[in-house]
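Step one of this worksheet: look at the structure below.
To keep things simple, chains are lettered A, B, C and D as they appear, and every chain counts its residues starting from 1.
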Amino acid sequence: MMSSIDLCVLCAAVLACLMVGSLHLRLNLWLYGAETLCIALATLFTAQSHSESGLIYIALLIAGLKAAGIPLFLGWTSEKLNVHRDVGAVIAPPLAMHLTIILLAFSFILTRGLPAPSMAASGWYGATAGISLLFTGLVVMLTRRLAIGQILGFLVIENGIYVFALTQTLGMPMLVEMGVLLDMLVGVMVSGLLVFRIQKSFEHIDVAQLTSLKE
Amino acid sequence: MTDANIHLLKICSDWILFVLCIVLVPPLCLGLIRKTKARLQNRVGPPLFQPLLDLLKLCKKGETISSTMSGTFRLSTVVVLATMLVLAWMTPWLSFKPWSPNADLFLIVYLFALARVFTLLGALDSGSAFGAFGASREVTLGLLVEPALLLGLVALGLFSGSSDLRLIFAYSHFQYLGATAVPGIWLLVGISILLSSLVELSRMPVDDPTTHLELTMVHEAMILEASGRNLAFIEFAHALRMSILFGLAAQCFVHAAAAVWCMSALTEGLLSIGGICVIAISVGVLESLSVKLQWRKVPEFVAYVVSMSLLAAFVAAGTGVARL
Amino acid sequence: MNAPVIFLESVVFLMLAALAAFVLCQKKDVSDKALSFLLCAIAAGAMAALCLTWNQQFLFETPAPFLLGVFPLTFRLDGLSRLFLMLLSLILFSTGLFSPGYLKHLKEKISGGQYWLSFLLFSLSMFGVVLSADAITFIVMWEVMSLSSVALVASDHTHHLVQKSALIYLGATRIASGLLCGGFLWMHSLCGSWNFADWNFASPQAIFPALLILLGFCIKAGVWPFHIWLPYAHPAAPATVSALMSGFMIKIPIYGLIRILVQGGLYAPEITNFAFVLGAISAFWGVLFALVQNDLKRLLAYSSIENIGLILLALAISLKAKAANLPVVADIAMTAALFHCFNHGLVKSLLFLSVGAVDCQAHSRDLHKLGGLAKKMPWTMACFFLGSFSICSIPPLNGFASKWLIYQSLFKSTLMYGSYLERGISLATICLLSAVGALAIATFVKAMGVGFLGMSRSHSAEHAEEASIGMKASQSLLVVLCVGLGVFASSALKIISQLAVMSPDLTSGTAIDFPLPIPMLTGLLITTCLAIYVIFLQSSKVKIFKTWDCGFGPLSAKTQASSDSFAQPLARIFRPFLRYETNSTIKGRDRRHFPEEIAVEVKIVSILEQRIYLPSLAMISYLAKGMAKLQAGSIHLYLLYVCSTLVILLLLGTVL
Amino acid sequence: MQFFVSLCTFPILGAALTAGSARIEKVRRTIIIISWLQVISVAVLCLPVLLGNVSILQFTPDFAVDRIGAYFLMLTNFVCACSLSHAPTFFRNESLFAGKTVPPQHERMFYASASLFLLAMNFVFLSDNLGLLWVSIEATTLFSAGLVYFSRDKHALEATWKYLMICSVGIAFALLGTILIFASSQHGAIQGGSLNVRQLLGCAKQLEPKLLELGYIFCLLGYGTKAGIFPLHTWLPDAHSEAPAPASAMLSGALLNCALFAIWRITELVRLTEHHAICESVPIFWGALTALAAGLFLVHQYGIKRLWAYSSIENVGIMLVAIGLGSPLLFFLQALNHSVAKVALFLLSGNIIQYYKTKDLSQIRGLLQVSPTCGILFAICAAAVTGMPPFGAFIAEWLILAKSADATQGIAVGILLVALAISFVAVSIHVARVLWGTPKSEIALSGTFAKYLIPSLLCLCTIVLGLSALPLIMVKPI
């Protein structure tokens, strides 16, 4: 029996998979926003089932900062830098999407081996979605040449971990939760600023071309 | 006359006889070789003691040395002669000998080396290319024969259980010589010493000391710059070395015979001098019959010598087991 | 006054001296003399301390604040270390005498402060290595010794070749200490102690650590096939340093072998046979390559390899004999090894110092540029000659005495061993040793004859002058020691066996018989020589003329045999080992008969270097390059590494 | 409260001051004073632990410091104080020798980020909570990015980007690992779960083993990326090489320790469970392999600071072995010796780069002629960092090797010995080429001894660490 939380996080995982398939930045950002919104929703459901008010704030923060703020910021960045499309690296996007779907299935198998979360609200699917998001994020990072794409990939990984934590544990300490969120935001800001610098110095934001430091 | 006096007299006579041998045998050897070669070439040849007379004549002549030379040249002659005299005293190349100190075989071999080093240095001192050629070849020959000579002596040492040549050549070890291998060892070692002495002394078939082409020669090239007394001493030292080596070979053969037939001290004494003479004559014959080996073939020739010694040494090492 | 105090004082004294070196090095002339004097004083002090405490033994552990991090430094002075320290003090003393004169000509090339600092550290650490009683003190002193000697080898570091030599040496010495560390750690895990005295190599598990230790020491000692560094390092270093390195430093591994393996009761036949073979081969290989060298120092370096081989051989004979229960042979061989160490130390430092004097005065060590020094530098020549005689083991010098002992041990083992195989091997070794001896004679006759006799081959050799008094004095001191030890070998041997008995498990204490009448023979030889000279040669009329030139007019120095041509007949015989190649090119019209220019080049290719060392270096380099390709600069690749590491770790997690 | 005050005052003061409008010379002077005051305040704070009076000092439920933490705290602050005290000289010389003018606002930025960086690192050692540990480590990445980006050129940008991206991904894994450990604690051990280190250590045996093991793996991977374990080290040489010398010194001497300390925290926990095979053999072999790989990387090396970066990786490998052996004191000893010598080396390399105006090793020759003092200090530190006696690192490495040998990890010992030999030879070949020969162009030096003051102080420290009983006092169990 699939709970609403499971449904939300699986939705997020599938949205992330779809994100791999396209190189359009705007589409990617929309998908990321939708995905994060799903996660915020899942948080809300969790808050409801555990009747924990703290989670509600977190859900709101996620919806506000991550689902809306970050895509907007990155979208603004891409407008500023006048890049709309990634070139793609290593493997072609459709192929990468298939790969992420296979990885989704694989993570389904993988998480079977985990002991069932004793008190958490969700079952296997939460862990599956978390691990799958993690893999998807890695695939995004590996298949994007633009700096923004890489940031996006990293954000997806972060989402995956959050989903995992949300579904597999019974409430991380609030302090930690806030710290994580803060760190991530600062991280995104710093990398976003760096993207501008890269554009300024190299006149492109293709990180695959940053290979002057090597042996 | 008391026993002590008799003893003293014996010592004196031994010494006198021995000194006579040291003085006379080397020129005699040279003379015999020359005479034999002359006879084989249908010539009368010089008298037997002509080499001695030559040496005496040289002693009277003045000396010429090169301005390039340092003191090393004359020093080398002195040292070589002195070493040869000491060696002659220590080495049992004759069956009769006055008292001598421990003649360890390794010591003897290295005393020969001392003489060789000084000969070589003397040859290099003049800055002459001939001397250097000779020295370079001599050093090569030295490398080739030294193991053979040493191993031959070691083989003898092994079955007498000592490295002291006095004991090895003491004619007193026959009580345990039931082993049939013993005369064989003596013979093998004798041949080995004889052949290695041919190389060591740079005689045929390794080198022809009677040509006049210094470029090809060994010993004669080394002493090219020597003259007068210096030359006389070098020649004498060389002849003495020859006698010692031939003497050692002869001793080996005599011991081989002594292992089979019992003989008295007088016979042994006569046989040892006679042996040297016979060896000298046969060397003369050999020199008349053979041709000089190509220089590159010399190692092959020496290989025979070494293998002879090795064979003797292995046999000796093997038979030693029974005794101990 | 008790022994530890004396020793600590001399050690502290040395440390102060090292500091003083830095202060004094501003004024070079003063500092060279002052520091040399200091060195002599230290050496004399150490010598006096050793003699004063002759019958005492001590074990000393540094008190709490003077620790090596967590370990105390432990020192032990017993018969064995006393013997080696005496050698060290003697060599230090003579290098101290030699230094001021010698360093003058290196003034522009080397920095005095660095040189003296390293030199004093080097001396200090050598004292330390020999005195150390546990593995940690040993390895610490050992590494300090290695590093400071590398710094010394690189004294004149502006030359490319010097740099290369120092680095080769550095690599070799690091590999050696790596092996040693491995062996020590292994032994520690077996025996649970760092103390050498607690180590027992008799157990079968101890074979591998013993092998590691043996290999480590062999590398440092320059035993075939690990000798490659030695002929590079010695020529590059200043003569005083090569004298110390060749004279003493390469004996330290031998000391270590005795201290650790022999006293640890090693008897595993695999190890002893291995050491035996290595010793035999290095004796032969070393002298063979020494023969064809043209640089005097390189020649001496190869000759060191030969002698180290002989010492190792003697040690192996001793160990084998001990295992076969032949204490007489074992004792003779052990004493031979010790005595040869001592003798070779003295002789080799003498020879290096003489060559240093030649280098200093004639500005070359290349045999192609020397010659005719006999008249210019007679004193140095006499010293070099006597040293050469000793190293060729010509009686009555000390080299002969120790070589004789080695021969005796082989002779006795031929007599005593039960198995035919062992006898055969001993016999074959005698044969090999005599060939080695003959080759050594060839080598050193070449060095003496071409280097000192005949006509000068270069302008600088022609204008050479006799070395300074200090240099002469230091050489003469060593010559006197060499001759004295040779002539009075039986007394020397008594002292050595006495010292050997004073350390545990070294010999069984049988008296070493040295029956040779060397003093008498020496006297007789000298009297005979004098007699012949006084009676006959002195009175002979001597006319000075020129060397016979076949009537072609004055001889040029080039007509003399060169170092190459002298060695050629022998080198030819051993062509397969030496890779001896002579390339001659003749230029000119109708080339054979009317040559205008003839160039002959002799090349010796080191098989080991070409076939083994360079390829293995290339392999490491290849690996390193392959590794460097991993760091390709692409961030995608780097992320992929992270992913694959994750996969590997997860797999490992399921396995473990 | 007192804890936060004594910990945070000085860094925040420093950051605020540099961001203020004071003249740059004044800022420089102040930052030196502040950095040393920070060392003293931390020392005062940790005094009871350092003296061994108490084994752990609990400040708040989530902040505590134990003996190892206190040691590392001291080390980190000392290292940063050294680097920051050298930094003003470095920036002054930058225009004096290298002819580059450093804009004062960049320098201010540098001091500000360095202060915050130090603060973040301090929290790594003080947080008694795995979650906060993670947060602090992530914070170090963010603050140090500013240090790496200091020179604002293309290379620096590239290095910073790689640093940020790779470390962030790695750290994300560590977060997952932390969550897994949290999850494992919820399986019956602690009601509601906990990330508190003391609590977890108290009930280690009841933790869910599967989740704990997974958590360990992810944490090892994550913090390992930050620590620069092969093959996760890829960001490290770039970042160390592009950052200015004082920053490289802090990255190498302090940051790597933080990441390894995090690994130790997790290892400490897993060791107490029954499934401790994974936290022994994996770090030991991985550490040994890292050392070997770093040794090979050292062979063909072209950049003077990249050389030391790889040497840091090698040392990280050795420290990982110590962690695998379960010996925090050996881990600290190695970290201490490495940091002291490596900081000196990075600072000296900064000087050398200024003299020769290049980082290219093939262009740097004849240092002994250019500046004997610098050359000898450089040689001593290089010997110390490669584990030569009689310097401290030798003792630490030897103890680690001996402990591994006694723990019958013969193969790891073998690999380590080979790695040490290769890295020593490689480093000394490079160092020797730098020291020897003659410089390719005339180099005139001026200035006081100030530029060598901190390196020579550190040099003295390595010697004291090797030749005194100091390590004995530290390693002595309480």
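Rule of thumb we're sticking to: a contact is a pair of C-beta atoms (placed from the backbone, for glycine too) under 8 Å apart; a residue touches a chain by one contact, two chains touch by 3 or more.
Since we're looking at a predicted model, the values are computed, not measured.
A.B. asks: When all chain pairs are ranked by how many C-beta pairs they have in contact, which pair ranks first?
C.D. replies: Pair with the most C-beta pairs in contact: B-C.
A.B. asks: Measuring centre to centre with CA averages, how many angstrom lie between subunit B and subunit C?
C.D. replies: Those two chain centres are 37 Å apart.
A.B. asks: Where the centres are mean C-alpha positions, what is the separation of subunit B from subunit D, in Å?
C.D. replies: 79
A.B. asks: Distance between subunit C and subunit D based on Cα centroids, please, to the nearest Å.
C.D. replies: Comparing mean C-alpha positions, subunit D is 43 Å from subunit C.
A.B. asks: Using the average of all C-alpha atoms in each chain as its centre, how far is it in Å between subunit A and subunit D?
C.D. replies: Here the centre of subunit D sits 31 Å away from the centre of subunit A.
A.B. asks: When you check subunit A against every other chain, which residues touch at least two of them?
C.D. replies: 138, 141, 150, 207, 210, 212-213, 215
A.B. asks: Multi-chain contacts in subunit C: which residues touch at least two other chains?
C.D. replies: 627-628, 630-631, 635, 639
A.B. asks: Touching two or more other chains, which residues of subunit B qualify?
C.D. replies: Where subunit B is concerned, no single residue meets two or more other chains.
A.B. asks: Quick one: which chain pairs are touching?
C.D. replies: Touching chain pairs, listed by label, come out as A-C, A-D, B-C, C-D.
A.B. asks: Would you tell me which residues of subunit C are touching subunit B in their complex?
C.D. replies: Touch residues, subunit C against subunit B: 371-372, 374-375, 378, 381, 385, 389, 392-395, 400, 403-404, 407-408, 411, 414-416, 418, 420, 423-424, 427, 430-432, 434-435, 437-439, 441-442, 445-446, 448-450, 453-455, 515-517, 520-521, 524-525, 528-529, 532-533, 536-537, 540-548, 555, 557, 559-561, 565-570, 572-573.
A.B. asks: What part of subunit C is in contact with subunit D in the complex they form?
C.D. replies: Listed in rising order, the residues are 64-71, 111, 113-114, 136, 139-140, 143-144, 147, 154, 157-158, 160, 163, 166-167, 170-171, 174-175, 178, 181-182, 185-186, 188-189, 620-621, 623-625, 627-628, 630-631, 635, 637-639, 641-642, 645-646, 649-650, 652-653, 656.
A.B. asks: Where on subunit D is subunit A touching in the complex?
C.D. replies: Touch list, subunit D to subunit A: 62, 129, 131-132, 134-135, 138-139, 141-142, 145, 149, 152-155, 157-162, 164-165, 168-169, 172, 175-176, 179-180, 182-183, 186-188, 192-193, 195, 208, 210-211, 214, 237-238, 241-242, 297, 300-302.
A.B. asks: Note which residues of subunit B are touching subunit C in the complex, please.
C.D. replies: 59, 62-72, 74, 77-79, 81-83, 85-86, 101-102, 104, 106-107, 109-111, 113-114, 116-117, 120-121, 123-130, 132-133, 135-137, 139-140, 142-144, 146-147, 150-151, 154, 157-158, 161, 163-164, 224-225, 228-230, 233, 295-296, 299, 306, 310, 313-314, 317-318, 320-321, 324
A.B. asks: Please name which positions on subunit D make contact with subunit C in the complex.
C.D. replies: 161-162, 165-166, 169-170, 173, 213-214, 217-218, 220-221, 224-225, 231-232, 234-235, 237, 277-278, 281-282, 293, 296-300, 366, 368, 372, 376, 383, 388-390, 392, 394-396, 398-399, 401-402, 405-406, 408, 410, 413-414, 417-418, 420-422, 424-425, 428-429, 432-433, 435-438, 465-472, 475
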